[in-house]
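These notes concern the structure reproduced below.
Going in written order, the chains are labelled A, B, C and D, and every chain counts its residues from 1.
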Amino acid sequence: MTEKEPEGNGRVLTTRRIEGLADGIFAFAMTLLILSLGFPGDSTGNLLTIILNSWHMFYNWAISFTLLAVFWIIHHIQGHVIERTDTAHVWINIIMLMFVTLVPFTTDLAIDYSDQMAAELVFGINMFLLGVCFCANWTYATWGRRLVDKNLTHASIVAGIRRNAVLPLIAIIAMVVVLFVPRYGLYTYLLIPVILSFPWMRRT
Amino acid sequence: MTEKEPEGNGRVLTTRRIEGLADGIFAFAMTLLILSLGFPGDSTGNLLTIILNSWHMFYNWAISFTLLAVFWIIHHIQGHVIERTDTAHVWINIIMLMFVTLVPFTTDLAIDYSDQMAAELVFGINMFLLGVCFCANWTYATWGRRLVDKNLTHASIVAGIRRNAVLPLIAIIAMVVVLFVPRYGLYTYLLIPVILSFPWMRRT
Amino acid sequence: MTEKEPEGNGRVLTTRRIEGLADGIFAFAMTLLILSLGFPGDSTGNLLTIILNSWHMFYNWAISFTLLAVFWIIHHIQGHVIERTDTAHVWINIIMLMFVTLVPFTTDLAIDYSDQMAAELVFGINMFLLGVCFCANWTYATWGRRLVDKNLTHASIVAGIRRNAVLPLIAIIAMVVVLFVPRYGLYTYLLIPVILSFPWMRRT
Amino acid sequence: MTEKEPEGNGRVLTTRRIEGLADGIFAFAMTLLILSLGFPGDSTGNLLTIILNSWHMFYNWAISFTLLAVFWIIHHIQGHVIERTDTAHVWINIIMLMFVTLVPFTTDLAIDYSDQMAAELVFGINMFLLGVCFCANWTYATWGRRLVDKNLTHASIVAGIRRNAVLPLIAIIAMVVVLFVPRYGLYTYLLIPVILSFPWMRRT
């Protein structure tokens, strides 16, 4: 009985359950992205011409898929360290998942309104808020080692902050780039997997 | 052999299996909600204007997502206490999941027919029936401690009834509010997570 | 090494994996059914009138959801007894899942073409073939106790055949009923959960 | 601590997690294929005539479903042997899953643009790249027994290469066949399950 005390008086929700929901939502959102792909009209034009003229669509789709994959990986790395959960932590995760399910929609916008800078800014805001959720998740869980192992080193906590901060920072940079280089700003997001693979980002 | 007797003579369905199906359906319904978002027409208008004029759509989507998350949390809290299952319990859960999959549809109605009070009433009926299913699930399982630990305290059972009763009650209140304050009645549902987070609602 | 021999020389696929895929596909198909619901046109008519005129749509959706739930339950009951798998068993399951994913489509047809007898017959053929797959799955697995416990009683095997035979039989009856009572033939399928809940169908 | 060293200094992602994501995406992609089925227009024509005229659509759908099932089986067979993971392996899998989610889209193209050879070539390229990902996955994991059991026999590794090479090879053959026998080239893909079921392909 004293064991379960920190989880909220019989209202027990384990991190494993949250991870199950998150895995399902990530898998569905990544698959649903495919609905963003679609050709206008009446199936009569020359298909190769249509595809070549739609490279922008495929590249938006591929970037969104890659970003969701990166977020999924980070979510699992965080989940490996976070051992407990509480109500606030559950809600941080739910809001995070809400922005995950929003990605197919904002990707759609970036494709359908590719001639408007606003579409890429909306996509950027989605990514920025998703990144903020990840930072909040890590900070909340490690603050005073609230939900993590009491022996987790300070260095590990700082390394986690550094890794998570990359997400909203790159989103801000991408939004600035979009102002000057419309239609190509989304390439900026590819910096996220690149930076995260640097050895000094991966040190514990 | 005598162990399995209560589960129906060789027809064994475990609570773990039902939870697996429920997790899949919840995750999928929460992701499918995104299909409710969509702009009419021809991708030519100014995107920022379109988005600002569609705040109602985003707020309906966010409320539905939040409510499904709340239902998912309650489902898991119930699932933690309910240890066995039988045919009636399985069917209560299946009807519950049917109303879960209905949420993306009634959310869609509330968005597309936002000028008609009926749309919010239909959404309310969906939420009300979902809440009734949760009450039925808990009452059926705890009646005579049918599917729960024989040592579960009376206080815990009553606390569970109190928590589950919040769902259909708020749905009724929201439907009444809609009659007087159309378009804003859905805010009422946000009382559900608020009330459930009160300390006296969380006591076992 | 000798243990794994029957599963095909290092090509090991466990029943747990097949159940995982099946659970995912059942959950998605049950949720995707909601896409069958939809009102024609321009969101201007009176919503209550539209809903009342569409009762046929909701009742088709509810029947399909219920049938998929029944099939999911039977699949799990079978999965509880079937302990091993082999290539033929995997393919019977894959073809079965193919007909499961077809249900949202044939439900859609039954709704969109509700004035044509053919739509209900196509739905019936889908259910019939699904039932045949279940019979095949059980017969293949229990033939010579191929994939089940060597000590499974003959009575249990026969009871399983009896239970599975209900599915295609009712589908045939429903198709005949449709010829004479168009638009109401689908009610016949509700006999499936009713018959399966009879005590003499549940004896091992 | 020394145990976890090879998985990347605290950034731990297990093969079980990747399999979970893959299972979700496979199940979802296989179910989403159903959205490729759809009849044009206004629900007024004779349904039987429409269905008979659409046999091409159903056969494309069935082939795509079967191929995804084959890929899912091979993915699990590989996953059974691959015991560890690293960053490159994760990304090979993510790119593989990207092509899996692309299948409903390219199937759609093959159906909507069935009068253009290009549609079947695009489908072929999708299958070819998917096959290449599987070859890459196996080769990377077994190279110097990087991610597999150190005692895995050379014969097993070669057998795996042989099995995986079937996928892109058949895709190339199918693309050549399409050039000469348009509309029927997709049948070639059925060679994949046929060849893989040959006894000499299944030897370890």
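One rule holds in what follows: a contact is a pair of C-beta atoms (placed from the backbone, for glycine too) under 8 Å apart; a residue touches a chain by one contact, two chains touch by 3 or more.
Keep in mind the model is a prediction, meaning the values are calculated, not measured.
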Given over half shared residue numbers means same and under half means different, the chain C/chain D interface is different
The assertion on chain A/chain B checks that the Cα superposition rotation, as a multiple of 5 degrees, is 90
Distance between the CA centroids of chain B and chain C (whole Å) is 26
Within chain B, the set of residues that touch 2 or more other chains is 24, 28, 32
Here the pairs of chains that touch are A-B, A-D, B-C, C-D
The answer for chain B against chain C in the complex is residues 8-13, 17, 20-21, 24-25, 28-29, 32, 87, 90, 94, 97-98, 101-102, 104-105, 109, 112-113, 116, 118-119, 122
Chain C contacts chain B in the complex at 23-24, 26-28, 30-31, 33-34, 37, 43, 46-48, 51, 62, 65-66, 69, 72-73, 76-77, 80, 156, 159, 197, 202-204
